[in-house]
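Each of the next two complexes has chain A plus one more chain, namely chain B in the first and chain C in the second.
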Partner chain A sequence: MHVPDGFLDAPTSVATGVVAAGVVATSLRKARAELDDRTAPLAGLVAAFIFATQMLNFPVAGGTSGHLMGGAIAAVLVGPWTGLLATAVVFLVQSLLFADGGITALGTNVLLMGAVTVAVGWGVFRAVQTVLPKTTAMVPIAAGIGAFASVPVASVAFVGLYAVGGTADIPLDNLTTAMVGVHLLIGVGEGIITFLAVGSVIAVRPDLVHGARRVLEARELEVRTTRAAA
Partner chain B sequence: MSATPARTSARTRISTRAVAVGIFVVTVILAGVVSFYAASTPDGLTKVSEDEGFADTETEHGTGDGPFAGYGSSFIDDERLSGGVAGVVGVVVVLALAGGLTLVLRRRSPESGHGSGHTAESTSS
Partner chain C sequence: MGGPHGHQLHFHGHSPVHRAPAHLKVLALLAFMLVVVATPRGWYPLYGVHLAVLLAVIVLSRVPPAYLVKRMVVEIPFVFFAILLPFVATGPRTEFLGLTVSESGLHAGAALLAKATLGVLASLALAATTEPQDLLAGLARLRMPALLVQIMGFMVRYLEVVTDELRRMRIARESRGFTARNPRHWPILARSFGALFIRSFERGERVHLAMLSRGYTGKMPT
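On to the complex of A and B.
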């Protein structure tokens, strides 16, 4: 869903650039709390993994393809603030080195495919996590559901921006239907990839997964309580 | 259940280094080899912009004639190799930037006292 140069007018692109810069600045501050001895070495790798996976377009219906956006996967693996930074680096490199995603649209892409998918992916992940049993096996499932939800929401956010600053006069209801329709399908792919990737790390080292911490801590407390009672 | 706090020391757990190497190897294979087999049909937004009639509002990309533009290497003729090299270059650049960034962020914060004390493992009990 990389927005190219020219889809949005200059004022909108400047505005998204400013907001994106603010989000990145906030993330730079907040990410420090997430980066401990366990997650810090993985953050760069998660960004590289998202870059690689974004090259892998998978077919969806009707001569269309889609690829991972990656906000949910990044947030669950290394934390939402670090995850936002990881996706922002990916979009920066894609735009400058690979001409994928406009340079004037960099802020737009960081917001839509970074901030929106991180926020929705992480938010839904947390919500689902509170409902599901507190086991590490549930973490990839919750991550997959969060990832699935994040993609159509990002496509709605694009329509919102297009309504404000689109350079062509396109009926918004048509645009909404088309965008959400195809991105629901792409979201399924996003959910599956996220489930598999998070599941792989959970299988070998659940303690490395940021989103599994609450589960692990809760379990540890239980163990202590049982011991104390015995 | 055997009482093994997963956080501190499981019996024979895979080292963080091994996990990192594993992710790196998978990433390089995905970008360098598997990417050749990716679908080449337009992605969601591109297709919608064609169908709804605003694809032509796209303007020329500022770095559109760079050596790796469009995920290919302009100096390599072989299509498979061209895309593979571009993918691996991208992985290395992203890893260097994002890895360097997190390294810097981490060094500047010598154990903030906030939060849930994840860093205090060595001083417990």
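On to the complex of A and C.
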């Protein structure tokens, strides 16, 4: 859910805006290394894809449903820098063309739901990947765990920002308990859907999954012979 | 794609607000919202002034108010949060409409409601009066990095293509009698998700090749 205008005070909003601009500038440079001159069309299409998937609702129970935040899965599918760039552009377009998320809260949204989810999702994914066996079957599992972790960490980061620049005196321990509790549940959903979705891409086009590259490079050519039919 | 494509929020018109340069509109929105966010809570008359300025711009833009009000639903989750604030915040208690609530929470909730509403309305006013292409040109004039403008351009251009693809997948699922009702149906939806990713990524590759064959070297022709 996007942070609107007025949730955090003006100095905090400006500070998160400056930090977010720095993060986006870095990812612009780094994404070129991931994609070279294909950066513009591919990151643009990935951004359109992330925007569209936020319309894909996964039913939970009793008529409620949710959609992916998508930072972690974007990092696994297209690499952390391109993923970050694409999510940042999604927030920019949502803020300017769809009135979703305040323009003064743009930096906060890019940092929390973009940078934090991408960084945590990718970091945990890589860490889990080093522990698990190096097979393509393990990539969706690592991605799911990374996505699960990314959501509560983002909510903790939000509480941290709120402690600095919040506009109401909510007891911080209550806010932390409520936010982390709710987001642990959301994280379980994010983790399961990410696991399923990455699995479905790996099954068809493993070469497209950025997070599977190391596994694919390590894979050796197998020649399987079958007995000719009699 | 023939002819100019409007996006979902754009309201076609020729008012002074529609014709104003996009980069000035973005700067004005940013400045206006910074002032709104910096307004201390409790200064209620000043919020009235903000609202009056915003309403004047909207009247000038000749966008029907009903058009904007209908699209303010994105704000609803935060209305709930703002209503909740007086009950969860700490500090001295006060009476309001017969309920005992936190005084600071009451003011914070009212300020949040005012700021978020002004924010949504102001953003809607920009979106309703600015074509995406003008917005992109405006952001380029504001020295947003060229690569970022290009990425945003591709996103805006292919947004409806990709969401349409998702819509066709939904129609295909439903025409086969499938409705997602509970988490047991997630694997099927996740496969749509995966298919959409592959189609989007491959479309990006095709677009890139098509651009190369037309002499793209990393810069957009002007």
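The definition used in the following text is that the second predicted complex is superposed on the first by the 196 of 230 C-alpha atoms of A that agree within 3 Å, B and C clash if a C-alpha of one lies under 4 Å from a C-alpha of the other, contacts with A are read in each partner's own complex, and residues count from 1 in each chain.
As a convention for this text, a residue touches a chain if its C-beta (ideal position, glycine included) is under 8 Å from a C-beta of that chain, and two chains touch if they have at least 3 such contacts.
Keep in mind it's a predicted model, so treat the numbers as computed, not measured.
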item: Touching partner for A:Ser95 - first (chain B), second (chain C), both, neither; value: both
item: First (chain B), second (chain C), both or neither touched by A:Ile193; value: second
item: First, second, both or neither for A:Leu111, with chain B first and chain C second; value: neither
item: Touched partner set for A:Ala33, first chain B, second chain C, both or neither; value: first
item: First, second, both or neither for A:Met179, with chain B first and chain C second; value: first
item: Partner chain in contact with A:Gly44 - chain B first, chain C second, else both or neither; value: both
item: Which superposed partner A:Leu216 touches (first chain B, second chain C, both, neither); value: first
item: Which of chain B and chain C A:Phe58 touches, first, second, both or neither; value: both
item: Which of chain B and chain C A:Val153 touches, first, second, both or neither; value: neither
item: Residues of chain A contacting chain B in one complex and chain C in the other; value: 1, 4-7, 28, 32, 37-38, 40-49, 51-53, 55-60, 85-86, 89-90, 92-93, 95-100, 102-103, 167-168, 170, 174, 201, 204-205, 208
item: Chain A partner contacts - residues on chain B that touch it in the complex; value: 1, 3, 5-7, 13-14, 16, 19-20, 22-24, 26-28, 30-31, 34-35, 38-45, 47-49, 51-54, 57-64, 66, 68-71, 86-87, 89-103, 105-106, 108-109, 112, 114-116, 118-119
item: In the complex, chain A residues that touch chain B; value: 1-7, 28, 31-33, 35-38, 40-49, 51-53, 55-60, 62-67, 82, 85-86, 89-90, 92-100, 102-103, 155, 158, 166-168, 170, 174-175, 178-179, 182-183, 186, 201, 204-208, 216-217, 219-220, 223, 226-227
item: Complex contact set, residues of chain A against chain C; value: 1, 4-7, 9-10, 13-14, 24-25, 28, 32, 37-49, 51-53, 55-61, 68, 77-78, 85-86, 89-90, 92-93, 95-100, 102-105, 167-171, 174, 189, 192-193, 196-201, 203-205, 208
item: In the complex with chain A, residue positions of chain C that touch it; value: 7-9, 26, 29-30, 33-34, 36-38, 41, 71, 74-75, 77-78, 85, 88-91, 102, 104-105, 108-109, 111-112, 114-116, 118-120, 122-124, 126-127, 132, 135, 145, 147-148, 150-159, 161-163, 165-166, 180-183, 185-187, 189-198, 200-201, 203-205, 207-208, 211, 216-218
